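Which chain is which? They are A, B, C and D, in the order written, and residues in each are numbered from 1.
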């Protein structure tokens, strides 16, 4: 029995284990879709009942999977406190916690259900590549993240001094100006706040000319380290 | 006769076949322009007659080309069910289907006329490069497309929890928040929806800092694999 | 005398010729600034007189330079019909043409004065690099420009079918939809037109996911060929 | 005593000097946060007192550090006029200058307090990489900055001629059009100004197709030279 379970839940090439993995992945996607639909306003009570049933079924399977994984693990404590052990636990925790509690206060708790998406990492090569690539370039990314943050801060201070008097409602403090700064330097440009004074526009002109190159660096590092991670042959050149 | 036709329609270096190819390309562009002009509101009846005549002429030639290609093909069935055989058939189908049908219900059918643009692929080296480059990098693109979709989904869930109460008309559900999420993470930033709460703005701040690098990865993979595909000498380095 | 002039106007290392080149560059920048100031509304008549005097002075020197270059050229006709010969001629032509003509109709003619900026190419290494890099990658840029245009066109057709009924004032024809298409796929996103139907938003979602990678290709080709052109040592690796 | 101070303020591997460096970095961040909070409107008088006390404390320590660095320097004059000597001086100057001066006129002076952020460079490897990478690519960046500026100027002139009559309030002169030009070509696209005429839109279409590749070049150069600067092993390949 234990051998059969071990064969089932642990990733290997047997037919059953692959079917089980696909089934779990399907349930993860299903419960995420259920979670999304639940946020729709004006849901009919019947729909809500269906959604809750699906949710209960998913949690049931996930609980079975979690217990089975503990049962078959050679070192049970190590599995429980491993990354995937904690993820598996957090994926079912919110359901059991919300029994009999008022639904209003549960908003944040329900969000924990999304930890289930991390369960997909176990089956996903791309996510593993992503995680390992981030580890390799970690130091560089942090260093240039700091430069980017300093530039965004400088831009916010500059625009505050130029626009504060003309638009006190949008540039009331450096914290408000930071919003303009991030939206502009990432080139999102919603258009909710923008400079209207001549000085502020000239400042934006130079900040954009200089800043785009700098803001693009962390993006470039992540992209290039990921591209390298998925091209193993390029490393032994 | 069959030999002459074969010489004409199949891509080779003879003068006639090149002229015929250019003529077909010209008709494709012409019929696409005709298609675009037909969507203009308040067209005069005379203009409509001219447009319909051009369309009928194009279809006539395309039909002749299609039949000629079947006639000269060594294996007729294989041509009919090949990629270009199907494209050639779909390019003329809508015209014959719409005889005597009410024009209102034809909207979607008329769109099939755009399949003619794919006929250009036969003559276009760039499109072939594009298709082959996409094939090579297919697996990577799909893997990081999934990561990108997961990030967009996380951003949507996050903004939903921050902005739902403040702006229930724009962030009424996770599906509505997904719209904000894609528009922001691709840096399009229309400005129709944007966070107004402090929490939502800080969340956007971090999502933009982290997310732009990740969203840029599929873009980077497509770009680099295409650049490689058009630089054959870079592969034997 | 001819020898002295030749020494002056033709690019060499002598002190006088370098001073003359700097003086001409200064006049080009000055006349461009003058041109910009002239577009300001509500200029005082005195300011206009000053601007016209500067303009007349610049044209005087440019005319002298043009005649001197013809005079010193070994093959006068070849210089006149060379790229720089034509640019030098176009730079002074508008001034002489506008004597005694009504000022209203001159708008477009005055724009020709900007050809003077091309005179800077003669002195600017970067512009020469740019021009030569564009020549090398010309074929690739054109090929992917065509793919980009086809994608923009497909996006326009798609959004037209989704949004035409909901927003007939913004998506009245495919030509209007093309405006949305270019603004969205280049991620400018002014926010003057955007989809509001569910279908249109889902279509935008997929077009953005797929399209950004493709639209970035011509940009990437220009960037990489230019970066190569300014790094000669990277070519002999 | 002098030996002890030298050990403390100059960067070396001793425990005390590292603790002192961390302490100074903490004060720099603290004074920047204080500076940001001071810009908040409607601060209570008590809060202001607390902020001023923190500011006074920071300046006290910075003054001690500055004097200590002069004291331990072998060549005192050379330190005072070195980059970091001037930065250290400018970081404390505004505080002493503002004693007894009316607070209204101090706006710009207070901004000098941000020079303290540059003090972080002394401790930050990334900033040194950044500075050295900028030095290496300085010439190229300037050259393509000029091309970018010329393109932005051409775009502004073009849109001025197309949109000036239709929207004289937004495109009143070339200087106003430059604002549109920089916001569009960097793809920020606030949506405060955009073309509405057919001519202006077609012009924007082509400027975006051509211009994005060129504007991306300085960005690309900065990114690539920085990526190289942080990957020393890639240079000896």
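We adopt the following convention: a contact is a pair of C-beta atoms (placed from the backbone, for glycine too) under 8 Å apart; a residue touches a chain by one contact, two chains touch by 3 or more.
Being a predicted model, the structure only gives us computed values, none of them experimental.
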Neighbouring chains common to subunit A and subunit B, by label: C, D
Interface composition of copies subunit A and subunit D: same or different, split at half: different
Pair of chains joined by more contacts [C-beta pairs], B-C or A-C: B-C
Whole-Å separation of chain centres (CA-atom averages), subunit A against subunit C: 43
Intercentroid distance (Cα basis), subunit C paired with subunit B, Å: 30
Subunit B, residues touching no fewer than two other chains: 187-191, 220-221
List of subunit C residues in touch with subunit D within their complex: 32, 35-36, 39-41, 107-108, 111, 114, 117, 120, 124-127, 129-130, 145, 148-149, 178-179, 182-183, 186-192, 218-224, 226-227, 230
Contacting residues of subunit D [partner subunit B, same complex]: 187, 189-191
Contact footprint of subunit A on subunit B as seen in their complex: 140, 143-144, 146-147, 150, 153-154, 157, 160-161, 164, 168, 172-175, 184, 187-191, 194, 201, 204-205, 208-209, 212-214, 216-217, 220-221, 224
